[in-house]
Amino acid sequence: MNNLLILIQCKDSVGLVTNITRVLAQHKLNIVAMREFVDETENKFFTRIACSGIIAYNSVLEQELVDVLPADASVRLVTQTEKNIAVLVTKEFHCLADLLVRTHFKTLGAIVKCVIGNHPTLQEFAEKLGVPFFYVDHENKSRDEFEQEISQLLTNYELDYIVLAKFMRILSPEFIEHYPNKIINIHHSFLPAFIGASPYKQAFDRGVKIIGATAHFVTNNLDEGPIISQQTIHVNHTLNAKQMAVAGREIEKAVLSKALEQVLEDRVFISGNKTIVFE
Amino acid sequence: MNNLLILIQCKDSVGLVTNITRVLAQHKLNIVAMREFVDETENKFFTRIACSGIIAYNSVLEQELVDVLPADASVRLVTQTEKNIAVLVTKEFHCLADLLVRTHFKTLGAIVKCVIGNHPTLQEFAEKLGVPFFYVDHENKSRDEFEQEISQLLTNYELDYIVLAKFMRILSPEFIEHYPNKIINIHHSFLPAFIGASPYKQAFDRGVKIIGATAHFVTNNLDEGPIISQQTIHVNHTLNAKQMAVAGREIEKAVLSKALEQVLEDRVFISGNKTIVFE
Amino acid sequence: MNNLLILIQCKDSVGLVTNITRVLAQHKLNIVAMREFVDETENKFFTRIACSGIIAYNSVLEQELVDVLPADASVRLVTQTEKNIAVLVTKEFHCLADLLVRTHFKTLGAIVKCVIGNHPTLQEFAEKLGVPFFYVDHENKSRDEFEQEISQLLTNYELDYIVLAKFMRILSPEFIEHYPNKIINIHHSFLPAFIGASPYKQAFDRGVKIIGATAHFVTNNLDEGPIISQQTIHVNHTLNAKQMAVAGREIEKAVLSKALEQVLEDRVFISGNKTIVFE
Amino acid sequence: MNNLLILIQCKDSVGLVTNITRVLAQHKLNIVAMREFVDETENKFFTRIACSGIIAYNSVLEQELVDVLPADASVRLVTQTEKNIAVLVTKEFHCLADLLVRTHFKTLGAIVKCVIGNHPTLQEFAEKLGVPFFYVDHENKSRDEFEQEISQLLTNYELDYIVLAKFMRILSPEFIEHYPNKIINIHHSFLPAFIGASPYKQAFDRGVKIIGATAHFVTNNLDEGPIISQQTIHVNHTLNAKQMAVAGREIEKAVLSKALEQVLEDRVFISGNKTIVFE
C-alpha cells in the first residue's frame, strides 16, 4: 500500500473533479483526503488529493490524468519522502535553531543539508548539531561574487527549498530567478506593513499595538512575493524597539516553521502573487 | 442557474467521491467547492458539495445519489434559503442583541421568529427591533409545565434551530429529544472546564489565565453535547469573577454567532459526540 | 467614600512617585491601583492613580499636586461619571449597532447623545433605540459647508468624544483641530498597512493571511494618528475582498469598543504620536 | 549605578505605597517602573519596584523597608543576576530543546545547570550543547529511591528553580515540599480541563475545538498548583489525538518559556493558589 499525493493545477472547466476521480477509481486508488479550490480571479483550478492504494507505474497514471485535463495542466505525483533544504543565515539564532532542532529530532519533514552564513556567529551551533556550516563573507567582494560563492555551495546538494532564516542580505533578481518558487523568507513584520529595513524600529516609531511576522516566497520584488503564513502578537507602550524585536522572535520562528511544514507537505500552491494553502 | 448544496454522510468505502461526482457530471452540475472528511474512528464519510447548474427535479438527483451510495447514506439537497430560529433567553442581553442586530440588517442567514424569556428583562429591546417576545415565567410551576408553555409557543413557527442565548434554565431530556440536533447553546467556559453553574466564579477561584466560551449542540447530558466552536481570551490577576464575566461576554457572543453562521450555512455535520465543521 | 481618579503627565524627574503619594497620604487617600510609565524617548512621566477616600475640595488637592510636580505638569482629577459621545456614520451598521446596544444596556460607560450620518441608512435603527439621528447629506455642497452642518449639530451637546464608526468621509484639518484628542476612528486594516481607501481590496490583492482593524485618535494626517488598539484575524485564499470585509466587521467593532472602553475609563494617555494604555 | 529590584508582599493597609516610596527617596533611588496589586479576597498587597541609583548596603535599605511595613511583610531585594535551573525530562524533546537553545544563546535569563531524565533519549542532545545530563532510571526501584537519586543530584547545584519539561513521572508530596514554590511544570492542556494522563486523547474524545497548555507551580495536588501562564490554539475535526499532541508542542514550549521568563525576571508572586504576574 503506497501513499500517493496528487497535485494538479490547470484552467478551470466543468467536470474536472469527475474526470480526475474517474481515473483514480480505474486504478482502484482510494481518496483519503481531497481539497480543491477555484481561483475565480485567475480562472484556475487547484487540487491536492491524498490517495491510498497500489499503482505499478506513476508515469501511466500521470499520463492518464494529463489526458483528461486542459492543455495547460500541471500534474505532480508525490510519494512522501523527506525533502532537502539549505538555510541561509546572518547572526540571529532563533529561526535557525528552531529548524535544526526539528531536523535533529526528525520532525521537520526535511533534512537541512547545509547552513550558509555571511557571519560566522552560528557556525558553532550548527556544527554541534552535525550540520555543515559554510561561512561566506560578503565584505570586500561584489554581490555577484558573493552570490556565486553561495550558488557554488548550493550546487553540491539536490535541494528542494532554500530557506532565508533571518538572512540580512538582499539577493539579486538573477540569483532568485535561478530558484523559482524555491526560496522562502521570513520577514519580521506583518507585510505589507514595514517593508524593508528595521521593521521593529518602524513599528516602535509608529506606536503600533501589534507586531507580526510573515513567511513568503521570494520573488524579484523585495518583501513582495506570495505570502504563505503570517502571525501577530500584541505589544504595548512599555516595549522599546529592541524589546519588540525580542518579542517578535517567538512569532518569527513559529511562522517560518509553520510555513515550511505546509510547503514540505505540498499543501501550498502559487497562483499569481498569492498562495493557496490547503491546511 | 441554481446554487445547490449537497450534503452526504454514510459509511466509508472506496470510490465514494467518484460515484458522487459521476452523478453530478451526468446532470451537468459544476462543482464550485467540495469538502470531504473520513472519520476513521467511526468509519464514516462526510461531504459538502456546492454546485452550480440547472436541475429540473431535486428528487431525481437525490435518488440517483442514494443509488450509488451505501445503504446507510443520508443525502440532503439544500437550495440556499434563509432559515428560521427561535431564541431563548434569561436576563443577559449581549448574545441576543448580537443576533437581533444581525437579523435586523439581514446578515445572520436566518430570521429570528421569536424570543422567549423566563424573565421580562429583554422584552423591550426585542420588541423595539420588531421581534415578538414571549415572557414565560418559570416560577410557581413545574419544569414540565414551564417547558410545555415554551413548546406550545415554538409550534407556531417552522423552526430550523432553537438557540439558547444565555438561557439559564436546564431543559429536560424530554424537551431536548423533541428537537434532535436542533438546539444550540452558548456555554460561558471553554468546555469541558467549568461545567455547570458559575463558570466565571470557578475560573476566578482556580486562578486561570484564560477564559473561554463554547457553542455546542444540546444533548441529554448538560454541557456535554457536540462542540461547534470555541474561543478563549487572556485574563489576569486584576480581574475578579464579575469582571471576568464582563470580559467573557465579548467571546460568548462572538462564538455563538460564529457557530450559528457555520450551522446556518450547512457547514456542520454531527458524528457521534463531535462535529465536523467544513469552514 | 469617593472614588477618585488622578491622571498626571509631566517631565520625568527623580522622586515624582514619592512626591505624589505623600500628598495623597496627607489627605488620607488610599491608593487602590496605581500605574506609571516613563517614556524614555520623550522623557515624560505618566501616572494613573485610583484612590478611595474622602476629600472636601478637589481643587485643593489638585493645587497641592501641581506644587510638588514639574512646571509642565498636567493634573486631572476625575470622579467617575458617564461621558457623552457623538457617533458619525455612513452606511455600515456593525460598529454603530455595537455602540448603541451597549449604551442601551448601560455598559458602554458613555451616553451616545446623537448619531450623524451622511447617508440615511442607519436612521431607522438609531431611532428605534431612542437615539437622535441627523442626516447630513454631503452631496451638492462643499466640504466646508458639510462640516459646518456637522459642527453646528455637535455644539448642541457637551461632548467628551466624537467617534467615527465607519464614517467614510475625510474630515478637514480645520474640523479635526477643533476637537484635539477627541476624535476616535476605526480603520479597517492593521495600520500602517493599507492606509487609505478599500483596505480589504488591497489586502485581497496582496494575498495576506491576516487582516486587521485599528482604533486611533484622528489627527491631521489621515490614518496616522496615535493608535489605541489593534486586532487581527486569520484569513485564507477562499475569501474574496468582499468576504474579507464581512469577516473584518467582527474585529472592527471589537477593536472600536475595546478602545472606547479604555478611553472612557481614562486609561489612555497620548505621548507624541503614540498612546500609553494602562490596561 | 545599580539596578535594584524590590519585591514586597504584606497585609494591605493605607499608606503602604507612600511609606515605601519615602524610604526609596531618602536613599535617592529613582523608581523606573512600579507595579502594585491588592488582592482583595486575601487582603494582601504586592509590589514590584525597579529602581536605579546607588546604595551602599542592601541590608540597611531592607531593614528600613521592614520598619515601615506591616509585621507579616516579606521584603526581597534583587540585583539582577542570572539564575540557576535544573530541568527534568522524559522523552519529548521540544520543551527541553527550547530551553537549551535559549540558555546556549544566553537569552533565557538562567543557566541550565543540569538535565535529569528518566529515559536516556535526550542525553545526546543535551550533551551536544554542553549541558550535563543524568539518566536516572525509574524502573526496578521505589519512587522513594528514584526521587532520592534525583535529590542527590540536585544538591550539587545552587538551584533557583526546577523545571519539569514534559517529565512524565508524578513526584511525591515529600519531594515537592522540599522545593516550595520552586518547581515549575508544563501541563499539556488548558487546566483545569483534562487533568491527569493523556490530555490530548481526552481532548480528541471530547471533540474540543481548542487545545491548550498550562505552566504552573507544582504543589501537592497534581496539576492543581498556581497557574503562571496559559495559551490555546484552534484545532478541528481533521486532527486525531496524536496530531493534536504534535500541534500542542508548539504552545507547550511557548508557554513554558514565557512562564519561565516571567518567573526569572521576578514578575510572579504567589497568593494562595493563584499567581500575580506583573507583565
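Per-chain numbering from 1; labels A, B, C and D assigned in written order.
The rule we apply is simple: a residue touches a chain if its C-beta (ideal position, glycine included) is under 8 Å from a C-beta of that chain, and two chains touch if they have at least 3 such contacts.
Just so it is clear, the model here is predicted, and its values are computed rather than measured.
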Could you compare the number of C-beta pairs in contact for A-C with that for A-D and name the larger? A-C
Chain A and chain D, separation of their C-alpha mean positions in angstrom: 35
Mean-CA-position distance for chain C and chain A (Å): 41
For chain C, residues contacting two or more additional chains: 33, 37, 238
Graph class of chain-chain contacts, one of line, ring, star, complete, other: complete
Chain D residues within the chain C interface of the complex: 14-18, 21-22, 24-25, 28, 30-38
In the complex of these two chains, what residues of chain A are touching chain D? 33, 93-94, 97-98, 101, 104-105, 107, 125, 128-129, 238, 246, 250, 254
Contact residues on chain C for chain A in the complex? 37, 39-41, 190-194, 206-210, 212, 226-232, 234, 236-238, 240, 271, 273-277, 279
